[in-house]
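What follows is a set of structures for review.
One chain, chain A, links the two complexes that follow: it is found with chain B in the first and with chain C in the second.
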Partner chain A sequence: MTDLNQRVQSRLETPAEARNEHGHDLGGPAAAVEQIEGRKFNIDTVEHAAATPDTPLPWAELGLKEDEYNRVVEILGRRPTAAELAMYSVMWSEHCSYKSSKVHLRQFGEKVTEDMKKDMLVGIGENAGVTDLGDGWAVTFKVESHNHPSFVEPYQGAATGIGGIVRDIISMGARPVAVMDPLRFGAIDHPDTARLVHGIVSGIGGYGNCLGLPNIGGEVVFDSVYQGNPLVNALAVGVMRHEDIRLANASGAGNKVVLFGARTGGDGIGGASVLASESFDDSKPAKRPAVQVGDPFAEKVLIECCLELFKAAVVEGIQDLGAAGISCATSELASNGDGGMHIELTSVLLRDPTLTPGEILMSESQERMMAVVKPENVEAFEEILAKWNVEYSWLGEVTGTGRLIIDWDGETIVDVDPRTVAHEGPVYERPYHRPEWLDGVQADSFAGERPSSGEELKAAVLELMSSPNMCSKDWITNQYDRYVRGNTALAMPDDAGVVRVDEATGMGVALSTDCNGRYAYLDPYAGAQLALAESYRNVATAGAVPMAVTDCLNFGSPEDPEVMWQFAEAVRGLSDACMALGVPVTGGNVSLYNQTGGVAIHPTPVVGVLGKFDDVARRTPSGWREDGQAIYLLGTTRDELDGSEWANLRGHLGGRPPALDLAAEKLLGELLVNASRDGMVDAAHDLSEGGLAAALSEMALRFGVGARVGLDEMCERDGVDLFTALFSESQARAVVAVPRSEEVRFKDMCTARGFAHIRIGVVDAENQALDFQGHFSLPLAELKDAHEATLPKHFA
Partner chain B sequence: MSETPLIGDFPPAPDAGLSGARIGVITFPGTLDDVDAARAVRLAGGTAVSLWHGEASLQDVDAVILPGGFSYGDYLRAGAISRFAPVMERVIDGAKGSLPVLGICNGFQILTEAHLLPGSMIKNNHLHFICRDQTLRVENNGTAWTSDYEAGSEIVVPLKNQDGQYVADEKTLDELEGEGRVVFRYVDVNPNGSRRDIAGISNAAGNVVGLMPHPEHAVEAGYGPDSSAFGPVDVRGGTDGLGIFTSVLKKIVGAN
Partner chain C sequence: MPRIIVDVMPKPEILDPQGKAIAGALQRLGQTGFSAVRQGKRFELTVEGEVTEEILEQARHAADTLLSNPVIEDVTRVEVVKDATIGVGE
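For the complex of A and B:
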């Protein structure tokens, strides 16, 4: 246990035999002493709290501010008990209460048209949103952060990130069917980066592979701004029949409350309040024990067990235990329900019998679920748990009192209105203002090297494709199972991950996550919109109709008005863009305090978009294969190098991100989906980081098939030079490969919709090169070697 | 290439005469690829029957598959706990008769723990989990599970595991080689350091086969590997693993 935890815990619940050393913090001899399993605790009951109003409590160590603590006292009309204090402190933490972000996040619910609501079965606020797929099917998906734990303990932090998001999906009633992981690390050659890459990648693989969920995509970005704050975001998607949708609420007085899955241990205590809601700095002790430890085998069994419970219709409400553990599950279930809840905390099955009531309430032990079961279903419930050999204990029942009452061996230690814990926490209107430095940064446009000769351009493309952010991520993704369950129709390195939902019809979903933190640094409003645009474009490029959005908003400290401004702008930008594209945000997560030693990360609003296929057989891969197919570039190219990968390679970050035209993005998306549906394209790849140079390289490398490319006409049309044509990151563009028989139809479609399109080349299955005619030729073998060598060089 | 089937097209309709053959697929706690193995049986034309580890019954199936996964989390040696499941007593009895038994990945590990096959699997030599499309050579087409392939032919199927390095003492390896019991061998790349590039083996009778790669993930065009050893295929169009399942179905139907 850390010094911090020791201090906090010893003040919260002093074991009786230690009282002499620790004094009389909680009222001393007057306090009730109970004998539980041979161990004595100094139990701080509600009655005792009322009688000892002046007892000092460690609210500051638990992360509460003075005015927050005073509000708890005001709500209760007395000082909180030690157990109540534990609950309020975790539930009112930034991580659980969204107290700094709430006032901004409202926009996701407000900027929604009727049309955007039509497929939304469950919106923001539940464990994850649910979207209708038709034919009685529904899909739920969500992305969440596990940044701070992964920095402290990379393997377990990343593993339990997957575990937590998967339980969110199960608790909606869905079968999880795939995961994705957007990752951001510090500089690739920094000595600490290898520790994090190895730990985080093997943690994601170790947990996800053992869970039997295909990993179908994600992102890997290296940038020194993430050195002390790597971002480990995890997305999970699940599918269900409409009738299986479950919500986290405890209704019906007399219904039983049960905790099942793994036993409760001492791991992860204070994870949400201490780790995820504070910045790191060198003056504080190590926080390793505050990270939870995962058991993927237990979670796999729990998934199958829960699905059987849903099928048998024996649970009324269900909630996973994640951040804030039992505190969160009981207060949210009770708060969402129509009554109250009364439970006996000594009934919780423990891994460590010495845990105190406060620790049991705060523990973030993994692989646990809480459910509400009607008395007549208790037997059926127990039979299913016995079949899967899952442990459970009945903790109490739903009541009509409107109070959440928790007893410890018959004595009341918590008596609260659950809404005040779960939903009516503090809300801050944090001050924010535009950083003064931003004008200077935005005025500093890229003026660096622009290669022009064929030789220089060839070297530039090789440099780009072997750079940490653009190189092949196979070394990482080959450590993940992409095949399990047999429904993966596309996975990395294609633009989107695609999984079949209905084996009979082929109906399925596509998913992509994207964000360019450099764009968001230059302009957070535009940066968040660009993240959405890229993710939307990726899903459409694969051929799916974009339907819904999830976001993981990774930012620095909200107490810094400049960071808060970045956050406010990003939310405003994202919500505006969602409305313009007609795709609603159905859920997500906010991760603040991503800063170390006063230096914040780039604002990193990771955006996940989910799209639907009527039949995944129509999905478009990101590489061409057929000799002689025509290669077209859709969209227009401008001189937009600010924030680009090329500028990044030259150590420059300034100017403004590429211009965004959401109407053009929407139109491009429609064209790509139509082209896929009607068999007009055999390959498609969106243009984003690294521009046309990256897109063409990746399309050729996907199946090892070359092409002859001529860009002179396009350079003339758009008024750019060859370097700009290759490296600019102008938006709303994609490259497609069109079968000869479809060329006329394809061109007619683009012309009719008024979308810029130009033939830039032809697939050449013989030449084994990407041949930029008249300028330079890039042998595929050389390109492939450069592309694939980078990660093994640093990490293998 | 213009004759390539549309992406996601199913392989030719399975032989209707095979549907009477019932193949059991066992689910242990932590089994992951049971749905895939059952799908492979169906796509090959047979009838898949789910078997539960805790029940000491094979429900009169004609053959048994122990699918891949991480039974009991592989927290002890892979397969070491599952080997003691009640259903395994029946599997062991059947295997000692002539019941065709296939262990894939974790299933192979369980078969070695049950001593139905010799040797053992240890952690990959590079210490990482690896998922890749792997070329194998079918060394022996005389087993219950490989008769639909030509001896010496190559197939491409996914490989995905953490503990895939096949090891045995030299005497055992020599025996396996000498008796033609090396059924599958890694080609081009040995992905995990397995002795003598061994990917799969059989018992002396040829009814029990275990292999580390996953043929059940190469049975349906659109969801398999990107390539096939039999010629060009469309994206994720590889179905080279299907022969494993048609082999046993034909044997069962022929024997009836």
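For the complex of A and C:
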């Protein structure tokens, strides 16, 4: 057995003996089922806890620190019951409480201008932010991580990552319309990488395709820093009418609380299994699996069912069940509403009747939702659930007491102020400091090989375009359905994914996610800003006006002051840049502890930008098609190879990332959007990883149309050699193809705005090559073969 | 020729969407005598000649490393079947 298998095994092993299951009313018509038979536990009631203050509890095993446990005791004025301990421990975990990141994340809410707020209908703090699109339409989107589960069980981990983010979108009242997946794997030739790539890609495809959602983009990066910590981030976007917006709060005393969707099972409890001791029952397995298995068909039904509930206006508040399951849903709904809720936990429909109350509270079984329904709407609610054959059970009601009370067979096992569970968890000002090694790294500028002859440069472009990070990702994206629902206007490999929202007017949205972890490693402040700049540029390149930002901040351990510094710098950088570009962060997610054996991943602040089209018919594709169109390069090129793909190919990582000019990024964005709107460009592609060499190669390969390119004039203007012109990763640049008839207008626009532009070539549909005149010619067939062979060679 | 039978079942705590779908279908077809369905899988490994302890050990190894996903599945049986008769496996 490999090391990895042992690691996974030792974490997850459950005894082989199968346990008997007693299903209840399986598959029958939806019905609220009372079931308490067969479940007799010695329940740790509130009364019992008060009477036995000295009973030792496994708080350390559940991940609580001693001072955190003491605070729980202080809040309650007694020791917590086993069920309360389960709730506090899971809700106060880093994942749910953001206890290390909170003090920094505040900047996203503070560095916001009035102008940035004008289209924001719902901001940070809800399940996902909501942005106004006009005409009564709104859009909600968010990116989240599912990194650790995907390492342990790649298929189900990645699949349930999609399921979770889609439920966030539904719970805002929106119909999910597309997903995207930014992925980071270890070295492409490491033996464990294939296991992860196969599992994760098929998991994403399996779940997303079954849901009928197009996967319109994302990223795939290979780097050995992610070997033991692959990053599986998932973004979902949904659309709704303004009146359909739903929030996660439980208001109105007397309103009913209902749990619906899949039954609650023992999956995803993992470490919480130490709570088995609460039952004083030795026959239970010692451990529960930490992973969950998803059922996309159940989720699809849940989507349609929820949308009908929204349409019928029979739910007051709604919350999806993700991390921390019922603990999270009850405490958040209660504390966001009037502050009180009283439920009976034995009413929860179970898949596994041996679950203890604590396990039921912590279970992360998938495809579940909790809602608050007015008594007069109960019947209508039940009718809709019966129509969709979705199981449900009424758990209790909203109260005005300010307490969250959970009973087990009539005996109180939880009596807490829900705010102390959901919102008033510990907040840490973790110490951080700039790593000493950073000066040495930043001083180590790229001094490696710089090809100069035509032959060498041709080989260099082929090497770049076949490298793991720059090669065609078709082998992966072809496993995803990109066009289902019929509203996809652009998808991979174009710069941004574009979906139509309003079929009458053609109004729609563009989305891109980006991050270069190497840049962030060299300078986390600049790296986070560069991630935003690239994502912003991609959306504008497609022709959309950037409007809102979501982020998934993947970092190592916050207990390492150097990692914490990287995190603090990245948040500061991203929030500053959002303000400079005028795009607000509407939601996101933090994933910490991405490290193995003391070595953290590169700081990886993945940034997603959403932009708006008045009509997606005006989108700009990333490849040229028309013979004779002029090719222009926008922006200026400097000698910026540090952190670049070329340096990466030569095994170098040092120096400083490319300089960032946010004013230039904003101006470039405006030019690209105007050019698209006024029909001045027929193709556009942003310059990022791999520089101009990658951009020209991708534009030619997009539709298999060649070009003649002359870079001498540009080299002279910018004072760089041909190699630098091709491989530098200077920012705020893009290549566009301009129809002959529009050339004068296009040039006038750039001149009027004072933005550097230079004609570097012409589309040539005849020669089937990228011809760098006077230097080398790259036949498209050769380029295509090199570009497309890499992933199949490793994984097919 | 003897065969080695390997049975694999989803772990009891883990959701089994296929089993759930079958249970639903049984109800719809009016076959209401079953309260739950869980679906596993069976492998038949054919052996040339006699099944030695070594070959059986190989089968157990294959069961643990390839035929099952130890994160979400259990190997519930590794057993030799000689032609039509049931042999003594484990």
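Assume the second predicted complex is superposed on the first by the 739 of 796 C-alpha atoms of A that agree within 3 Å, B and C clash if a C-alpha of one lies under 4 Å from a C-alpha of the other, contacts with A are read in each partner's own complex, and residues count from 1 in each chain.
Keep this in mind: contacts are C-beta pairs under 8 Å (C-beta built on N, C-alpha and C of every residue); 3 or more make two chains touch, one makes a residue touch a chain.
It should be emphasised that the depicted structure is a prediction, and the values quoted were computed from it without experimental measurement.
Legend: residue contacts after superposition of the two complexes on their common chain; A:Phe297 is shown touching both chain B and chain C. Using the contact criterion defined above for the overlaid structures, shared-chain residue A:Val616 touches chain B, although it does not reach chain C. In the superposed model, A:Gly486 makes contact with chain B only, not with chain C. By the document's definition of touching, neither partner reaches A:Val427: not chain B, not chain C.
Within the superposed three-chain model, A:Glu153 lies in touch with chain C and out of touch with chain B [touch as defined at top]. By the touch criterion defined above, A:Ala51 lies against neither chain B nor chain C after alignment on the C-alpha atoms of chain A. 295, 297-298 are the residues of chain A that lie in the contact sets of both chain B and chain C, per the superposition on chain A. Those residues of chain C lying in contact with chain A across their complex are 9-17, 20-21, 23-28, 34-38, 64-65, 69-72, 74-76. Touching chain B in their complex are the following residues of chain A: 202, 205-206, 209-212, 295-298, 300-301, 387-389, 477-490, 500, 503, 506, 615-619, 621, 625-627, 703.
Only residues 1, 6-9, 29-30, 32-33, 35-36, 39, 54, 69-70, 72-75, 128-132, 158, 160, 162, 214, 216-217, 220, 222-223, 226, 235-236 of chain B touch chain A when the two sit together in their complex. By the touch rule above, chain A contacts chain C in their complex via residues 1, 5, 8-9, 12-14, 16, 18-19, 21-24, 26-28, 152-153, 156, 262, 265-267, 269, 285, 288-289, 291-295, 297-298, 351-352, 365-366.
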